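Multiple structures follow.
Paired with chain B in one complex and with chain C in the other, chain A is shared by the two complexes that follow.
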Partner chain A sequence: METIIEARNLGKRYRQKDAVHALSLSLPAGRACAFLGRNGAGKTTTIKMLAGLIRPDSGSCSLFGQDSQHLRPEDWQKTGYVSENQELYDWMTGEQLIAFTSKLYPSWDKPFEKELLEKLGIPLRRRVSFCSRGEKVKLALLLAMAFRPRLLILDEPFAGLDPLVRSEFLDTVLEITHQNDWSIFFSTHDVDDVEKLADDVVIIDEGRLQVSESLDSLQNRFRRIDLQGPHEPLMKTAAILGLERHADHSRFIHSAFNSETLATLEANHSEAHIDVSTISLKEIFIALAKNFQTENPRS
Partner chain B sequence: MNLLFHHVCKDLRHSRWLIVLTWLTAACILWLPASLVEKRVEVMQWLPYISCGAWVLVFLTAGRIVQLDAPRRDTAFLRSRPFSSSDWLASKLSSCLILILPMALLQVAMVLVTGLRPEFIDLLLIFFEEMLAFCVVMTLALAIATRSKTYSNFIGTTMVIFFAAYIIFVMYMIAEKQLARTTKSEWSYDNEYLKLSRLLITQVIAVLGLAGGLFLCMRARRPERLAAVISSTVMIAALAWFFWPLNFVKTFTRPEATAPRSEWPDLSKLKLSFREQESWSQKKAGSVPARFSFSDGVYNDTTYRRISGHTQLDGLPEEWFAFPNSFEYELSLTNGKTFSGRYTASAGLWELMALPLVGMALPWDKSTNPLCDVELAEFPLPKAADAMTGAKLRGNVHVPFKRPVILGRLPLRAAASTKIGNRHISITEVERNDMEIRYKLAIEQLRVLTRGDWYSESHRRIEFLAVNVAKREFLRQGSAESSGRSFGHYSLQFLDFSQTIHRDLTKEHDGGIIPEDWLNGAELLIVGDEFGGTLSQSFDFSEVTLSNP
Partner chain C sequence: MLPFTIQIQLGEPIYEQIVRAVKKAVATGQLLPGAQMPSVRVISRELSVNPNTVQKAISRLTDEGVLASHPGSGSFVAERGPSPRAERLSALKPLIEQLLVESAHHGLTADELLELIRQHHQRNYGNDH
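Now for the complex of A and B:
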């Protein structure tokens, strides 16, 4: 399978701090990858390096096999990029901006543009500077999608959007990407959105890669376990996250759950009732984030 | 190309108000030709400020155009769009060129509207000179804006750079003052050409730097590298401006005002000899023979003494004059001190020398000796302890031969005008009363730096002489006031003469009642001179006394 995004040992330092450290990841064609992390984890820096907008201090990254630092116009003709702080020409109206941008792409799809306009409800005759944040994001999304890119990079596009706009936005992206088999690499704080959109999940903390696997695999290996009734105190291992104990009740999230795990628990705690339940990605992310925080407390 | 045009349109639309403001400011310069000749001097007082404002606006507008999609700003819209760095640079340069093009054309228009009727080549040179100057401003803005993340960052960086440059300039000036030699520097009108050479080489470096930057940018696809190239270029250009040693402009100047070779005096028939001359001595209250005469002048708190040697020149044809001369010398005092130096003369002929050309006699007798003395040396006056006698003086004198020519004849009345070279001369006022005649001239001149017209050029010096040939009388003495201003490629000078009549040598004295009909048939002669070769001769004197006897 073709690799769309490839990063190897990517590193970036801001003054004395490692914003990104030895980060390696890849995105195969046709996959949607959610890029998660706490505030300041290094998501935006990583995305900017991937898109060649800033220069890495170490390592390398490529889009479509082309070094990100030397992306050619033809590489950008296949890549749509939306960032929360991306500037639009705000002295233009929406219509003018679309007309201007469409000339940059030979593959600009006019009917698709109209379809997106209908779906997103973008005001065309208003100057961009007078548009709301939601309208600007929708416009940016249209400008990144109407030429039918093979790769869509979205850097926290949902930030600051009200739930209704976010829902519309997400639905549009979902519908279109699934129809067209695009690759998507997106970062977000809203983990609920990831479950709808992502095939793979990458989680970083303090600029270091913590998790990189498919969403299914991630959800399969994380389970919430409740032990009720008399039982021996649990031995804390790397796989046990967020352990809480109240009298005869222990609760934790197991990050490497499989059938053997359950058998071992039952063997060790035969008098206790063991309840195993699946958890949402949001809960997984929170458990991981808390764990990272405990292991790497920020100054 | 379409894409480039598309981007240029976008840039121009983005900064349209600032661009219009910049053009309007530049268009204000057209006030000058729009006003009457008499009013132009007043208008010109404001033009440097307007011009300065236009330059600042060019800088700010170019910065704004570039900043819109600056490669250093990772949030810029165009950064994530299919547009190559070389196209980006080409579009920004094109937009900036469109910004400055009308400004240069306005300067050309100004020259045209002034009525100076410049030649096509003059217009072309003016256009390129203006474009070069604006290009330097534009590329500076481009360099700084390319490396700035925001427009405010661009303004801040600019202010820091200019402040630093100002500090460096002040330090340079102070250091120059402290370290400069107090001796009088050798002056030559070649120095003016050296300035011009420096100006030209600076602009050539600027253009080469820009081309090099473009080349590097296109190869490396990193337009911000252009900034480094341009910064270096500006540094090198600044160094060239101050220190470029080679004077190459004079080579290209036309040998204007040179008589045909066949008419030059035959140097082999000329004989220049140094001689003693009776000189008045205060001490002895009588005349004594002397080889030299001396005159003093003060420069930088140092008194300089100039030595002139008495000469006899034989064999010079009647129409030719020998004045003034250049020299190089070495003066050795008895205490071992040595002075040496060089002087290149640049003065032109006296307008009265043209009188024979209109059939009138010179008011002095030239036939016996056309060159009574020549200048030999100029040196800082020795201290009291230094010996003032027994010095040795040697060197060379170069005596140029010139003959007067009448470049134009105008009836001496208001509104008469003519064009001499690049100068448009008109008589604006003529008044007569019993004691004097007052006439006022307006001289409008086109200034093209690369042609050297701005700078002093001895061969193109012109003088004015009012004559009434029928009466064999001319105007002289009285006062001559000069005022004027220059701006850009236009210079306007007013000459205000108040003169009395000098009658022919056959008459006994100057002045007297001016008859009412004197202006009938009176003419204004515009007098220039023509060069006819140089006689060089060495001199070697011993036992020189460095003061008058």
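Now for the complex of A and C:
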């Protein structure tokens, strides 16, 4: 399958600090990848390098096999990009901005533009500078999608949007997945929305890759486990995260759960009642971030 | 409107939730054998989930014989021939095991468990099969 985004050993330093360190990832065609990390983890820096907006200090990255530092107009005509603080020509009205942008893309789809306008409810006759943040984000999304890009890169698109707008936004982004050739790479803090949209999840912390796998496999290997009743202390292993114990109740998150895990637990703690439950991506993310924080305290 | 009932819960893989919802609709007669399934695109739109996820659920259901796919015309609810007894047993055994363990933990006897199952079945699935 064609690789749409590829990064090899990507690195960027700001002053003495590694913003991104030896980061490698790839996104095949036809998949949506969620890019997660705490504030300052290096998400925006990575995305800007992918989009060729800043130069990596080491390693390289490409879109459609073309080095990000040398993207050609035809590569941009296949790529929709919405950043957190999108700069729009704010002296134009929405209508003027759409008319202007549509001229830049041979593949601009007028009926799709109308559909997006209707769905997102964007004010057309108001100057962009007078639009609310949500309206600007929706306008930026329309401009990034109406030419039916093969690749949609979204940097924190949901930030600051109210739940209704967020759900419209999510539905709109999913529209792209109904065409033949599509890929989505998006960073976000609204992890709950990710579960519906993402095929793959990439998590970085302090500029380093923590997780890169399919959402299904990630959800299948994380379980919350509760042991109730008198029991021996648990053996701490690398797979056990956030172990807490209050009297006769131990609770932790197991990050490499399978059928053997339960059998072993039952054998070692036959006296306790063991509960196993699935957890949301948000809980997985929090468990990983906390664990990372304990192991790598920030100075 | 989809011909099966589903409320997506975060935490569990969504394709597994779709698989279970469709199986339940077939078991309760909400989806009848031979009924046409909506397309991947329609389900994906309706649930606001990635079509790859829906496709994965449909493939799983087809592999398990719940749905049958007719090339060019989509997926249908399969006519259910009785599966071999051994196969049925092996599919249910882990669930029965789990049920027995859980009821033992709650101090239920096997008879009480059977009675609960019978009641649940009558309430939710009628008593005609």
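One rule holds for everything that comes next: the second predicted complex is superposed on the first by the 293 of 299 C-alpha atoms of A that agree within 3 Å, B and C clash if a C-alpha of one lies under 4 Å from a C-alpha of the other, contacts with A are read in each partner's own complex, and residues count from 1 in each chain.
The criterion applied here is as follows: contacts are C-beta pairs under 8 Å (C-beta built on N, C-alpha and C of every residue); 3 or more make two chains touch, one makes a residue touch a chain.
Computed from a predicted structure; not experimentally measured.
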Inset, instruction - Specify the outcome, clash or fit, for chain B and chain C once both structures are aligned onto chain A. - result: fit
Inset, instruction - Once the structures are superposed on A, label A:195 by its partner contacts, choosing first (chain B), second (chain C), both or neither. - result: second
Inset, instruction - Could you say whether A:209 touches chain B, chain C, both of them, or neither, answering first, second, both or neither? - result: neither
Legend entry - Contacts of A:101 with chain B and chain C, given as first, second, both or neither: first
Legend entry - First (chain B), second (chain C), both or neither touched by A:265: neither
Inset, instruction - For A:47, decide between first (touching chain B), second (touching chain C), both and neither. - result: neither
Inset, instruction - In the overlay, answer first, second, both or neither for which of chain B and chain C A:170 touches. - result: second
Legend entry - First, second, both or neither for A:30, with chain B first and chain C second: second
Inset, instruction - Rounded to the nearest Å, state the minimum C-alpha distance from chain B to chain C in the superposed three-chain model. - result: 26
Inset, instruction - State which residues of chain A lie in both footprints, the one left by chain B and the one left by chain C. - result: none
Legend entry - chain C - residues contacting chain A, complex: 8, 10-15, 41, 44-45, 47-53, 56, 105
Inset, instruction - Spell out the part of chain A that touches chain C in their complex, as residue ranges. - result: 30-32, 167, 170-171, 174, 177-178, 192, 195-199, 215-216, 219-220, 273, 278-283
Legend entry - Contact set on chain B toward chain A in their complex: 2-3, 6, 10, 13-14, 68, 73-77, 79-84, 87, 221
Inset, instruction - Please give the residue numbers of chain A that touch chain B in the complex, ascending. - result: 48, 51, 53-54, 70, 72-77, 79, 81, 83, 85-89, 91, 100-101, 103-105
